[in-house]
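Have a look at these structures, which come just after this line.
Below are two complexes that have chain A in common, paired first with chain B and then with chain C.
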Partner chain A sequence: MKILVPIKQILDPSGLTFRRDKERMFVNREDYILDPGSKAALEAALRLQDAGHVETLIAISLGPARADDALREALALGCDQAFLLCDPAFEAADSSVAACILAAAIQKLEGPDLILTGSRSGDTALGQIGPRLAQALGYGQITDAWTLESDGKALQATCRWGTGFAAVTASPPLVITVSPEAFPLRYAHGARIMNAYREWTVTTWEAADLDLDPAALAPKLVLRSEGFPAPFERGEVFRGDPQDIGRDVVVALRQQKLIP
Partner chain B sequence: MDFSFLDDWAEEEAPALDQTGEGYRNIWVMAEATREAILPPSLAALGQARELADQFGIYVFGLLVGSGVEAQAQELITYGADRVLVVDDPLLADYQPERYVHILADLVSQYRPEILLMAATPLGNNLAPRLAQQLDTGLLSHCVRLDADMSERLLLGTVPIFGGEMHHTLACPQARPQIATLLPGSFAAPYPDSSRSGQVESILVDLADVPPSLTWIDRDSDFAAPEPSLAHAPVVVAAGRGMGDAAGFALVEKLAHRLGGRVAGSRGALDEGWIQEEQIVGVAGQTVAPTLYIACGVSGDIYHTFGARQAQFVVAINPDPEAPIHKTAHMAVLGDARQVIPAMLEALET
Partner chain C sequence: MDFSFPKEYELFRRMVRDFCQNEVKPLARAIDREHRVPHETIHKAAKLGLMGVPFPQKYGGMGGGEIGYCILMEELGRVCTSTTTVIGAHTGIGAMAIYLDGTEEQKQKFLVPLAQGSAIGAFGLTEAQAGSDAAAIKTNAVRDGDHFVLNGAKVFITNGDIADIITVMAVTDPALGAYGGITAFIVETDSPGFSIGSLENKMGIRGSSTAECVFQDVRVPKDNVLGQFGAGFLTFMRTLDIGRASLGAGCLGGARAALEASIEWAAAREQFGAPIATKQSVHFMIADMAVEIEALHSLVYRTAWMIDNRMPHTLEAAACKLMGSEVAHRCIDKALQIHGALGYSRDHWLELGWRDQRIAEIYEGTNEIQRIVIAANLFRPYGLRVSS
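Take a look at the complex of A and B:
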């Protein structure tokens, strides 16, 4: 099986402070990390590789030049090839544009059987790339998988469905998005980390290398404004009969949408 | 006096209900239904559609796709739809993304809705991006708030980023329809009005040339997601010595279970033998960062509250009004936790 994992590099949220009362985001430490969803997708792919179902494992990333680091991390973890799609024309990409660019690159890589990606990223969390890729390539799709197994041909997954989970199977070609919490990523072998930087290469493709329709590069969405949720106010006091205040607390928490 | 000119006005103002020609009009809600009922997140989406439609002066269309769902059409009208399109086919008993996209894309190109809303349930998250790609339009996913920009006649969707710490307001200015999925729990369900009336239309589809790709083995799998660690739990309920005895601590466990959260405690709870060492929150234990932190019978000295300083919302239940925990709390509940928690559990059931 040929597996392709689209990965994303994001700004590390642990280096950010959000102040609702000041309506500002403070960047204390500008670090870029591999997105948790991409990490889970890589781990799911590596587990299939461990089970002996994978011939080629490819990582691909759409992003600026610094995304090279994320791809080298993927190489260190066990990917065979890495491709970076980097071009000034790609900078304004939203989900629909990103899906078109990735689909063009994937077609150039001659049809992987399985595309594994995160069901949502750690920053924007729009969760659109997987299903959009599936439609653009005409693949089947399973979203938000928590387990993934293969018998060499079909893939079986447990995915979130309704308010619980459902077990489904499907045959390649297929896009599967995995839950970021479901597959904790392993550590790369030290020697492979050194090789990823010294020996192995990340291939960079620009817009001219891909067969792209210029109209597809126009983003569909515009950002109108940024905002912050209203800050929670301190100091609400409940006193009186325990029966009454117990009920009042639940009502107040529901109003704040803190509990269902 | 001749008032017949009023009739001309009235005719001019009312847009035709079966408008299918040029231009995109009307709001659609793709409703998820079982044989018995419409799912609550879909009803909430319908409520939002009704509000937007009243602002824009357009109609709300409910859309039911599935097998044996036709009985729910009237329910959609009761909750705000003006017209319901029903696609009821035995082949739709199991969800297949290709078939749903095929049906919806066909209907959209025929009726040209301006806005399409869905609930961000697992089905919505699976279907909406695929449909948006097929229709070559933008998708505002996981909206927590919807607004109408009347000057440009646009739908504005507010989406949470970085786990809800920040909001982005997005719009889809050119492509149509504007598709949005609504995060369950962020919108209130509308009130039913049984006096409302509307049309129900059945639509026949031919799915023979769209093969299914998924095989559903078990629609109600007993798989349970691993619980998040205490440090990442969205809800933490902490017990202190004020819970009195093991029976009091059992109430804390019950509350945590009911809210889908984890149990923690102060040093006092460890000394009583209720919790393990790794469940202590504070200087000597874990640092937690939940959305909701409920401290039950905890006095709240600095050695404990230091571990919970990143909690977004703190509820302190302690009868002593002088207890330091009330100073850091968003809600200070002056009552005995052993009596307040049973009342809370009772209220949660309603």
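Take a look at the complex of A and C:
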């Protein structure tokens, strides 16, 4: 199986503070990390590789030059090849444009059997890339997988379905998005970390390297305004002896129509 | 001049920090209490190449050089001095001696399993009557055909009882003294006649084992002579030179952890109606800690860079060990003062940190010996010999 993992680099949220009173986000420390969804997708791919189902594992990222670090990390973790899609023309890409660019690069890579990506990223959390890629490439899709196995031909996944889970089996070619929480990423081997920078290469493709329709590069998403979501309402505290509290809680939940 | 770390080292530090937080730190208190070596951690570290960080990949190592190794020691030192000691004795002195002076065959046979972590290493120098005065050793080796027969006992050997391979210094010609009369040997601990005497019941680093190693007619093949015959003292001194830089790195980690904990606690702890972080007495302690840590950081990584670039580094490495252990002492002591009675409690990690860091001023050459090494290097151009 040839697996391709689109990965993303995001601003490390531990370096950010949010001030509701000033309606602003402050960047205290500008560090970039692998997105949690990308980490989960890499781990899911590496588990299939451990099980012997993978001939080639490719990481790909659409982003600025610094995304090279995310791809080197993917190489250190066990990917065989890494591609960076970097061009000034890509800078304004929204998720529909990003999916178009990625799809063009994937076609140039001659059809992987499986595309694994995070079901949502740690920054925008839009969850668009997986489904849009499936549509652009004409692949089947499984979204928000919590487990993933293969028998060498078909893939078996457990994925979120309403308030529960569904067991799904499907055959490649497929796009599978995985839950960021479900696949905790392993540590990279130290020697692979050294080699990722000293020995191995990340191939960079610009717009001219891909078969792209210039019209497809125009973003469809228009940002009208940005703001903080409304604050959560404070909870209600019940006091008294346990029996009274129990009764009061049930009454309050009924009034809110949260229990029958 | 460029003081930034190459990117592979930044990624390596992130990996090691995650590993230390998730795998090493949770065990630190338990292995101290239970007085046991964290074999499970060693096993996990080996799978990530962390038992052979400084050595080239062709010998099973990680290819990280001394800079990579100092990063590992610093990050380990932040969370657990016992684990730092176990991996440090294995890599930084045990396996290092073979890397420095071993033949190609010896490296393939002994360094590869050590670097991969499938074998554990130790460094056998100290004896009951030969601590700081390392040349006064009594363990002797006598030639018998294709073998040498070793007799004697080594004490305070870190990893002694868990090691598969020990590099041992023994007298081969009492008449020639330190330079010419002492030879280094690679001893496999499954050799008949090798046994473990007593285990030390220590004040700190209780998650590392410190053993007496007894040699009774241990036959060592002549192919296991490490370095030139009669030049063992030099092999061991050169090994210790390198070990001292990484020891300073471990201390740097301990000092940094103390600083970070102090800042966090001072911001949270309120007395007289305000956080103690608003008090100048606390500012001064924290500022002093930060300055010493910055200076130590520069010294450690510059020395590591000198080692990787094959520059003379005896003075600088001794300075790393000397300054590192004393900075760690002062920082952990100040952190304890800032934490007050809380830090004195057995339930707080600072109590463990305080007991653990004290050994750094003693092992791998006491700080008094480091001062002699430094002075000897400074007076040598004037033709003056500094004696112990």
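Quick note on the criterion: the second predicted complex is superposed on the first by the 229 of 260 C-alpha atoms of A that agree within 3 Å, B and C clash if a C-alpha of one lies under 4 Å from a C-alpha of the other, contacts with A are read in each partner's own complex, and residues count from 1 in each chain.
Simple rule for what comes next: a residue touches a chain if its C-beta (ideal position, glycine included) is under 8 Å from a C-beta of that chain, and two chains touch if they have at least 3 such contacts.
The shown structure was predicted, so the numbers you read here are calculated from the model rather than taken from an experiment.
Here chain B and chain C are compared by how many residues of chain A each touches, and B touches more. In the superposed model, A:Y187 lies in contact with chain C only, and not with chain B. When both complexes are overlaid on chain A, the residue A:V27 reaches neither chain B nor chain C. Contacts of A:V222 after superposition: chain B is touched, whereas chain C is not reached.
Look at A:A51: by the touch rule set out above, it reaches neither chain B nor chain C. Judged by the touch definition given at the top, the superposed model places A:A76 against chain C, while chain B stays out of reach.
Looking at the shared chain after the overlay, A:A92 reaches neither chain B nor chain C. Common to the chain B and chain C interfaces on chain A is no residue. Within the complex, the chain A residues that touch chain C are 69, 72-73, 76, 187-191, 193-198. Partner chain B is touched in their complex by these residues of chain A: 13, 16, 18, 25, 94-96, 99, 119, 122-132, 134-136, 140-144, 146-147, 156, 158-162, 164-171, 174, 179, 181-182, 219-229, 232-240, 242-247, 249-253, 256-260. Residues of chain B touching chain A in their complex: 97-98, 101, 121-123, 125-134, 136-142, 149, 156, 158-175, 185-186, 213-221, 223-226, 228, 235, 259, 291-292, 312-313, 315, 326, 328-336, 339-344, 346-348. Residues of chain C touching chain A in their complex: 6-8, 11-12, 15, 18-19, 47-50, 53, 57, 61-64, 68.
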